[in-house]
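Labels run A, B, C, D and E following the written order; every chain starts at residue 1.
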Amino acid sequence: MANITVDGKILEVKEGALLIEELLANAINIPHFCYHPALGKDGNCRMCMVEIEGQKRPQIACDTPIKHGMIVRTKGANIDRVKRSILEMELINHPVDCPICDQAGECSLQNYYMDVGLYESRLSTPKVHGQKHVDLGANVVLDQERCVLCTRCVRFTQKITKTHELGVLSRADHSVISTFPNQPLSDPYAMNVVDLCPVGALTSKDFRFHKRVWFLASEEAICNRCARGCSLYVDHHKEKYKDEMIYRYRPRFNALVNGYFICDVGRLSYHQENENRNFHPMIRGKESEYEYAEGKLLRLFKRNIGKMLLVISSSLSLEEMVRIKALAGMYDATISAYEPNRFDEHFGDDFLKHQDLSANARALPLLGIEEHCMGFSEGFEQAELIVFIGRSDIDMVKTLAYETKNIALLYGYNPPFCEGLELLLPITSHTGRAGTFINCDGIVQYSNCAITHNQGHKKLLELLAMLLGDTLNTCEEVWEETIGKLEHFQGLEFEKLKHTAQKISL
Amino acid sequence: MDMIFLILSFFAIAGAVGMVLAHQPVHSALSLILTIIALAGLFALLSASFLFMVQIIVYAGAVITLFIFIIMFLNVKEANLPKEPNKNITIFLGFIGLLPLNFLILKALYHMPSKALVLSQNGFGEIKSLGMELFEKWLLPFELISILLLVALIGAVVFGRKEEG
Amino acid sequence: MNSISISIVIINIILALLFSLGAAPILVWIERRVAGFIQDRMGPNRCHIKGIRLGGLIQSFADMLKLVFKEDFEASGIKESFFFSLAPVIVFCSAFLTFMVMPFADNLKIGAQVFYMQGLPIDLGVLWFLAFAGLSVYGIMLGGWASNNKYSLLGSIRAGAQVISYEAAMGLSLVSVLITYGSIHLVDIVNFQGKLLFGFIPAWGIIIQPLAAIIFIVTAFAEANRTPFDIAEGESELVGGFHTEYSAMRFGLFFVGEYVAMSASSALIVTLFFGGYHLPWLNTQVLQNHITWVLAFIMIALPTVSFFFSKWMFNNNRWLEEGNIRNRESKLLFKVIIGINLLVILGLGFWLSLGVEEIGANIATAVIQVSTFAIKLLLMNFVFVWVRWTLPRFRYDQLQDLGWKILMPLAIANIVLTATIVVVFGV
Amino acid sequence: MASSLFSYFVVAMVLLSIGLVGVFSRKNIFVIYMSIELMLSAVNLIFVALSNYYHSMASQIIAMMVIAIAAAEAALFLSLIVVLYRRKKTLDSDMYKALSQKETL
Amino acid sequence: MGIKIVKREGKSFKDRIYLPAILGGMMTTLGHFLRNLRDTSNIKTLNYPEEQPKDITSRYRGVHRLTKRDDGSVRCVACFMCATACPAECIFIEAQEREDGVDEKMPKVFTIDLLECVFCGGCVEACPCDAIRMDTGIFTFVAHKREDFLLTKDKLLSFEAKKEKA
């Protein structure tokens, strides 16, 4: 431990750590481009200049180890002048086309200019022009003019993915980021460079020009693409006269799970949330009012007490599973979470992607829910009503003699088909409801995203409360009533869980 | 005379029947206005010209207006109206039940000496003669009525006041 | 029933129609023109028939035509179609009926016969007005209710509450007036006002009963649903109030009904407080006795008035562009004025040279009184319009406060005061 | 002679009976009230007819007082209905049974 | 109920009976009426369709237009600044990639809903590219259908700036 003085305030910090790390940790604004906590220092952008007592010239904070008794100044006329000069140099060849640039609104360059720049341009020679639209591959587009050559993207391919696709070509004014000839960016985490890029040089083809970022509202959520359960921001916006739309997923820092990154597949999985949710309740193939279909569901349940199989998805949230268990108890039904297509060995790797594609399968054994084929077959034989909750792989029963059974489907996305269904009742999709998930390593995370759409489908929890005849409509209530009392979750506090992931032993 | 009487009594009775049969209170009230105005016409036919005016001013102009105002003010939804599935049957039965009573009373009255009811001249039923009669012979009842009106006014104010808390 | 009585009845009905229904387009025109002038605008001046604009009066007729030929639209939400159609009829009829008992002139004596000079020869007088003015609110309430529209319903409720509360004050203010005049018959009331107070002031109601006059005028504004009491319509908060859903002639009936009601209210105000058909200092008797002098005065006055009017007309009745068809109007009208002047002067001169008999004097008096009444009516209507374009609308609670807490106690106090004076002084 | 005293009695009796039936058979409290008003009016008609029959003003005065009482009744009754409707949200007279017992509204 | 009771101004009896104030107001309006009746030439009203207003200044905010580059293509780069600044939220833009090499980005859809527009000029102020202006001098915009009040990109591009009279 060491004590340093920053702008007259005394901080207690770790000896030997990088100065910038501790400054950022203490919420002291220090401009920087090339430093990134996941990528470490590089020291090329020179933006993070601070004055250190005893040193002749200003020093870069990202390459200065902390010593006890350091006296550091981050503000002041002198250091501002230095920063402004560096910024002026960074901007010499920058096209300043913020109206076009997708980064506008979340651009470091913009912010720093507003903080310490604000100078009149002194440039009299023409700017050096680069290529405006370089398709690097993997959905990433490079604008060479806007690049400040912080090399975060290059270091990402070197240190994180170790694919080494990107490099810096040429010298001085003409330096540009580039791929090697005929070797485009192609690794499954490539789109992270868009998030890493502090300016608008690297943009994602998927998001490019779709929405200005200041319109977007962010919700904290969990990816449900695989068992890893990476932390996400869901950026969404409701345009006037239109429905709520999700425009992108961004990785949310979570040291326990995913660090700073997510995979491209998970990042693009938001398309499903936008596209596959416009469908109506159906009763025996005919469209119906939502309220009526709800009543129909209740009637189906009441009529088939003791003769039901609830086929649930292992991607349902913990709360929903608990409530379904209660439901099964109440209506004397069998539950099965058997999913034949749960694992995909081609999908998994050793970084973030996991071969188990279900988001919450670790909760099943904790709650004692059957997930094997045997249990499913037994339940299927006895049941007359088969209720698929949160999944639509009806194909798996098609092989069995299912004509004699009634099938009800509660699903958040457009189902592949709906003939022969007794009831199809839409529920909100993944981003439409909050819930708790346990990932492959036993880390419990709360997804707080509940985006409401125009069609007004109900949340599964609300439907379950209706079926159970009580009023536990929200996760808080379910936690308070039941989950908090279960043995595996004894130590967890829901309030704390809302903001930080916690590990439990499986 | 006879023709006017028949037309007016037809309207009076039609209005009354409509009032009893209508499901919506507004329809009832509007039918009642028809009856009230027809009755006012009958009063005029009996040369009670002041009563004719009073009937229209007070009954049609004030009481029923207040009534319709209250109906609109409460803005009663269809769901809040009482369910009366057997309404028409009970009304019909009620009529059947009252027929003998009517018959008896009318039978008794039939033997009153008949005399043509005509429009009277020289101020009978006009405001002046009525006023003279009222303030000479009926002063005490008149005052009592006015006290009753006052009491009703105060009562209405007390009822209509917003309850505390 | 002889031919004279039949013709008098017909003349009466025509006069009543003219004063109420025929006045509607003129009132609409007055409303627009006065509004324009008060707000430093021109008002209607564009509509013309072969260049004849009559200062914009033609626009009112064009408007009426438009209302007649418009599509009679009925919104699909309206379930009570019968009452929806009935409502404007009620408003129109009751407004029309109220006007029917206003006397335009003193009882006309031709030979031995005496004729009432009013649309319906009924002498219920003021009570009749109260009765039918009270009925007109049914039209408004029904219309608003049948429209199946929240704004309309609000308008109806407001109208209902307003009429109930203002009728009380109106009736009470009338009581003191009736105590003063000692009769409910309008002719008696007007003839009372023909007398002179202290020998030189006309005993008009406004002078003997100023408080009752103010209260009555205010409540009459409320009964006629005119600004500042037009909260039933309240276009700034209720779109169009009770007539939001109406169009074409069904709206037209509401529209005309409003003006007829205004006209009827004006007529009653004139009759009760402004000497009715009497010219000041010239009651029926005086007129009949000095009819020769009066006619002679008219022979002199008419050309003088025409001269000034023509001068004003040539100054102001112009159109923007030279040579426009509308610019020919003034010359044409001038010729018409000269013609009328010549006709009247020649006719009167001829008559006077023959000598005026009693029947002739009576008829001439009646004509003069009818014209007096018409002018007073127009002036009172002007006041209605003038008030509308000056005062802002009352808020609903202020309106009820004014009705119950100010006008009604004042009216009662006025009754007590009047009764005391009558009893003590035995006037 | 249609407009004899007896014919007025017939009209009045019919109106009175309709009013009675209305009071007995309807549940809507507004209609019940209007039926009462109707009966009052029917009686008024008899009074006025008798006034003409006996050529006496007395019964007209009674009729006038009935109208005054009806007005007073209207004020009270309507304020009562408003209060009751606000509490019970119904116009069903059966729901107002509480008035006959000590139960609170 | 949310009725707010406002304390009345004026304490004296004269203030509280209102009649003097009402009469004063009536006198004012009567004065105007009589003055205009005596001489209508005092009235400053325009005879509108025959007489067009002459005092529309260059800063008058009329109907919007989208300006063009020298080559005649749209100047707008779909930066959404106008839509962000618009208090009535009446500007609807969809961006698209611009392929002709002039620039990177252009509006695919640029619609202004004139029925919602409050003509505040905020969009003109906000535009970083001088792509939207309100200098057409059009002060009446008439249409028969609601849809016709949606000014599309083509329509906005077709308007020209009002010529200043010499």
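The rule is short, and it goes like this: contacts are C-beta pairs under 8 Å (C-beta built on N, C-alpha and C of every residue); 3 or more make two chains touch, one makes a residue touch a chain.
Everything numeric here is computed off the predicted structure, so don't read it as measured data.
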item	value
Count of contact steps on the shortest path from chain A to chain C	2
Set of chains adjacent to chain C and to chain E	none
Mutual neighbours - chains that touch chain C and chain D alike	B
Chain occupying the most central position, where position means C-alpha average	E
Longest centre-to-centre distance from chain C, chain (CA-based)	A
Between the pairs B-D and A-E, the one where more C-beta pairs touch	B-D
Distance from the mean Cα position of chain E to that of chain A, given in whole angstrom	44
Separation of chain A from chain B, taking each centre as the mean of its C-alpha atoms, in whole Å	76
Distance from the mean Cα position of chain C to that of chain B, given in whole angstrom	33
Chain B and chain E, separation of their C-alpha mean positions in angstrom	59
For chain B, residues contacting two or more additional chains	50, 62, 66, 73
Chain E: positions in contact with at least two other chains	none
Contact pairs between chains, per stated definition	A-E, B-C, B-D, C-E
Contact set on chain C toward chain B in their complex	83, 124, 127-128, 130-132, 134-135, 137-138, 141-142, 144-145, 153, 156-157, 160-161, 163-164, 167, 171, 184
Interfacial residue positions of chain D with respect to chain B in the complex	1-11, 13-15, 17-22, 24-28, 30-31, 34-35, 37-38, 41, 44-45, 48-49, 51-53, 55, 57-58, 60-61, 63-65, 67-76, 78-83, 85, 89-95
Complex interface listing, chain C residues touching chain E	34, 36-42, 214, 312, 315-316, 320-321, 386-387, 389-391, 397
For the chain B and chain D complex, residues of the former touching the latter	1-2, 5-6, 9, 12-13, 16-17, 19-20, 22, 25, 28-29, 32, 35-36, 39, 42-43, 45-48, 50-51, 54-55, 58-59, 62-63, 66-67, 70-71, 73-74, 76, 80-84, 87, 90-91, 93-95, 98, 101-102, 105-106, 109-110, 112, 114-118, 120, 124-125, 129-130, 133-134, 137-138, 141-142, 145, 148-149, 151-153, 155-157, 159-160
Complex contact set, residues of chain B against chain C	26, 30, 33, 49-50, 53, 56-57, 60-62, 65-66, 68-69, 72-73, 75, 127
